[in-house]
Amino acid sequence: MYTVCVRDHMMIAHSFTGEVFGPAQRLHGATYVVDVEFRRAELDADGIVVDIGLAAAALRDTLAALNYRNLDAEAEFSGRNTTTEFLARLVFGRLQQAIRAGALGASATAVGSMRVTLHESHVAWAAYESELA
Amino acid sequence: MYTVCVRDHMMIAHSFTGEVFGPAQRLHGATYVVDVEFRRAELDADGIVVDIGLAAAALRDTLAALNYRNLDAEAEFSGRNTTTEFLARLVFGRLQQAIRAGALGASATAVGSMRVTLHESHVAWAAYESELA
Amino acid sequence: MYTVCVRDHMMIAHSFTGEVFGPAQRLHGATYVVDVEFRRAELDADGIVVDIGLAAAALRDTLAALNYRNLDAEAEFSGRNTTTEFLARLVFGRLQQAIRAGALGASATAVGSMRVTLHESHVAWAAYESELA
Amino acid sequence: MYTVCVRDHMMIAHSFTGEVFGPAQRLHGATYVVDVEFRRAELDADGIVVDIGLAAAALRDTLAALNYRNLDAEAEFSGRNTTTEFLARLVFGRLQQAIRAGALGASATAVGSMRVTLHESHVAWAAYESELA
Amino acid sequence: MYTVCVRDHMMIAHSFTGEVFGPAQRLHGATYVVDVEFRRAELDADGIVVDIGLAAAALRDTLAALNYRNLDAEAEFSGRNTTTEFLARLVFGRLQQAIRAGALGASATAVGSMRVTLHESHVAWAAYESELA
Amino acid sequence: MYTVCVRDHMMIAHSFTGEVFGPAQRLHGATYVVDVEFRRAELDADGIVVDIGLAAAALRDTLAALNYRNLDAEAEFSGRNTTTEFLARLVFGRLQQAIRAGALGASATAVGSMRVTLHESHVAWAAYESELA
């Protein structure tokens, strides 16, 4: 199994609903340093897992739609807690769509699974990973 | 699969028995920077893997029982090499007990597996991971 | 010259005023991983720069007053851009007050200078440093 | 499952063939910070996954055969793109041979799988992992 | 004193002349993760040291002129050892020119000093720093 | 001003005397990841601050005299608290002697100052720096 990982980041504001969140129920924010791992069983004809330039561009575009925003004000997240876990799954889904749409090149359709990790501080991170159906 | 990770550290003294350990047979010490990953298939009703505040507190309590101690003088480790691997398994077991005892909240009983990693320097680490029966 | 550094973090929301900030004029947020360096020419009688436990507690208390908040809604920052640079200076000033108030112990009055660094992502940070008058 | 990881690095020159590589088709170079993870189900009689001294030495020897070289000029890589993914697989294979040859000690024959990760910058890495047949 | 730092990287090939370099006399390569610190005594009217977007762009442009190249083949480096120290000084000089040319905005002319650090591995880095005359 | 830095580590046991140390008055231990910075105004004829191979070897030798030891049992530290600050100063002094003895080569006599940093965890470090008389 081969893996390639690219890193970028985003800076957002949000608040959470639920006593479990304590002071994080207040409007606050986070920098998420985002790692995306692409995995496949065999390399393509060029000897790579994925075109790292296209992968980095797809991640940048995906984060740009969230970056420098108050997620509480985005209609699509209405009534949802935009936890680190939730955002990891969201970024995963959008990158999966980008692969299907060909944004990472023809070879990327052989990527078998992905893992998206959001580092929120020097002491905490969350991730979502799955096979690509 | 979702993962949440929290980090803390401990500083202990110990020595090892066995020629394989070379100079580490002498009494020495280590800082272990400890990462604990909690994994589950679906998020709970709050949109999280585990209450990160309770998780961090459980890790801190677990490490407090070992921190600033000479492990050679602890009766429970008599006749054992407290290697990084062994300590990763030990921390894993104690956190598993904390989950069962409810210390991480009711939702944490759905955590399906854990991984405990002990970083002992900038060039070496060890980990233990397992399903939670 | 001796230096001791302690690290903690905070997560805040804010927005900026001024075209130079581009998309960061929108309400967004940041995790700041905060390093505080204490410097003095000679060690005290215990062989330390500062009581690291008191230093960490003072930093935690200082950040707690900002943590999990929307800085745009704090009256004291009205009409100010709470840039990373500004916040580094703010944390510096509050820790300087804590030292003067004795919160870091009697020995800490010999600390000659401090440096406060706020890491806002894996690719950017800002700092403020000064002598302690 | 237990894991032990050791880290070292190498510095090489190479170029790539194929439009997908863009400017990396020119002769350039890379520092690869290399992590090798050794995994097994149970610890040996000494309480370890592998003799970390022998593991570090085997990694150092493996990298020494590549270090400070222009990979384009090495006959064994003729006609191949020595991508990060390819080099991760190469290092994996050579360490597998070292284990079989006894270079990591008798106990290491119980290592069930390995993972080799090559970090090429602060924003990209690649890895190869597999069971040891 | 305020500091702002931005990070980027480049990947180059080169060789060194002189017995002191040992195996690094052979053609090899390096990834340099580059940190540039901008320092000034007081913040500008926007509350910043420098426009971080312009600073990052200037660094990217400066590194682009070196990136994915064999420095041995660049006429300007003929007869010179392009050591990490030398390259830190080179990047410093080019960014100093960019500031003078206005590429970092009018406010950047108040930057009093800079420091350029090139990380070449997890165990070594070099830097050049100076006042801006 | 040019700087070159090399990194290594050591693992020791010790205890402290004095109420200020709290639980660290018990026998415990630490991993110290050690950075040594060498600074000089101009590069030597080879274009370097110091022979990085000799510098790394001198650091390794210096740490070997402390590594895998219980500092409480070393006669030279009798009645002293071997704090992180103290050890940074100790390593500084021994490397200064190594430079004077020629262990880092003739060119190293032009090194004007050094800084030794000991990282004791992911949240704390201490350093000692000085001119070289």
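A, B, C, D, E and F label the chains in the order they appear, each numbered from 1.
One rule holds in what follows: a contact is a pair of C-beta atoms (placed from the backbone, for glycine too) under 8 Å apart; a residue touches a chain by one contact, two chains touch by 3 or more.
Treat the numbers as computed from the prediction; the structure is a model and nothing was measured.
Novice: With over half of the numbers shared counting as same, classify the subunit A/subunit D interface as same or different.
Specialist: Homomeric contact, different residues on each side for the most part.
Novice: Given a C-alpha superposition of subunit A onto subunit C, how large is the rotation in degrees, taken in steps of 5?
Specialist: 180
Novice: Kindly point out which of A-C, D-E or A-B repeats the C-F interface, defined as over half of the contact pairs being the same residue numbers.
Specialist: The same interface as C-F is formed by A-B.
Novice: Would you mind pulling out the distance in Å between where the CA atoms of subunit B average out and where those of subunit E do?
Specialist: Between these chains, centre-to-centre, one finds 41 Å.
Novice: Based only on mean CA positions, could you tell me how far subunit C sits from subunit E in angstrom?
Specialist: Those two chain centres are 27 Å apart.
Novice: For subunit E, what residues touch not just one other chain but two or more?
Specialist: Subunit E, residues with two or more chain partners: 7, 122-123.
Novice: Would you pull the subunit B residues touching subunit F in the complex into a rising list?
Specialist: Interface residues on the subunit B side: 7, 9, 11-14, 23-24, 26-33, 67-70, 73, 120-123.
Novice: Going by the contact rule set out above, which residues of subunit C touch subunit F in the complex?
Specialist: Going through subunit C, the ones touching subunit F are 1-8, 43, 46-49, 51-53, 56, 105.
Novice: Under the definition above, what is the set of subunit C residues touching subunit E in their complex?
Specialist: 16, 18, 20-22, 80-86, 88-89, 117, 122-130
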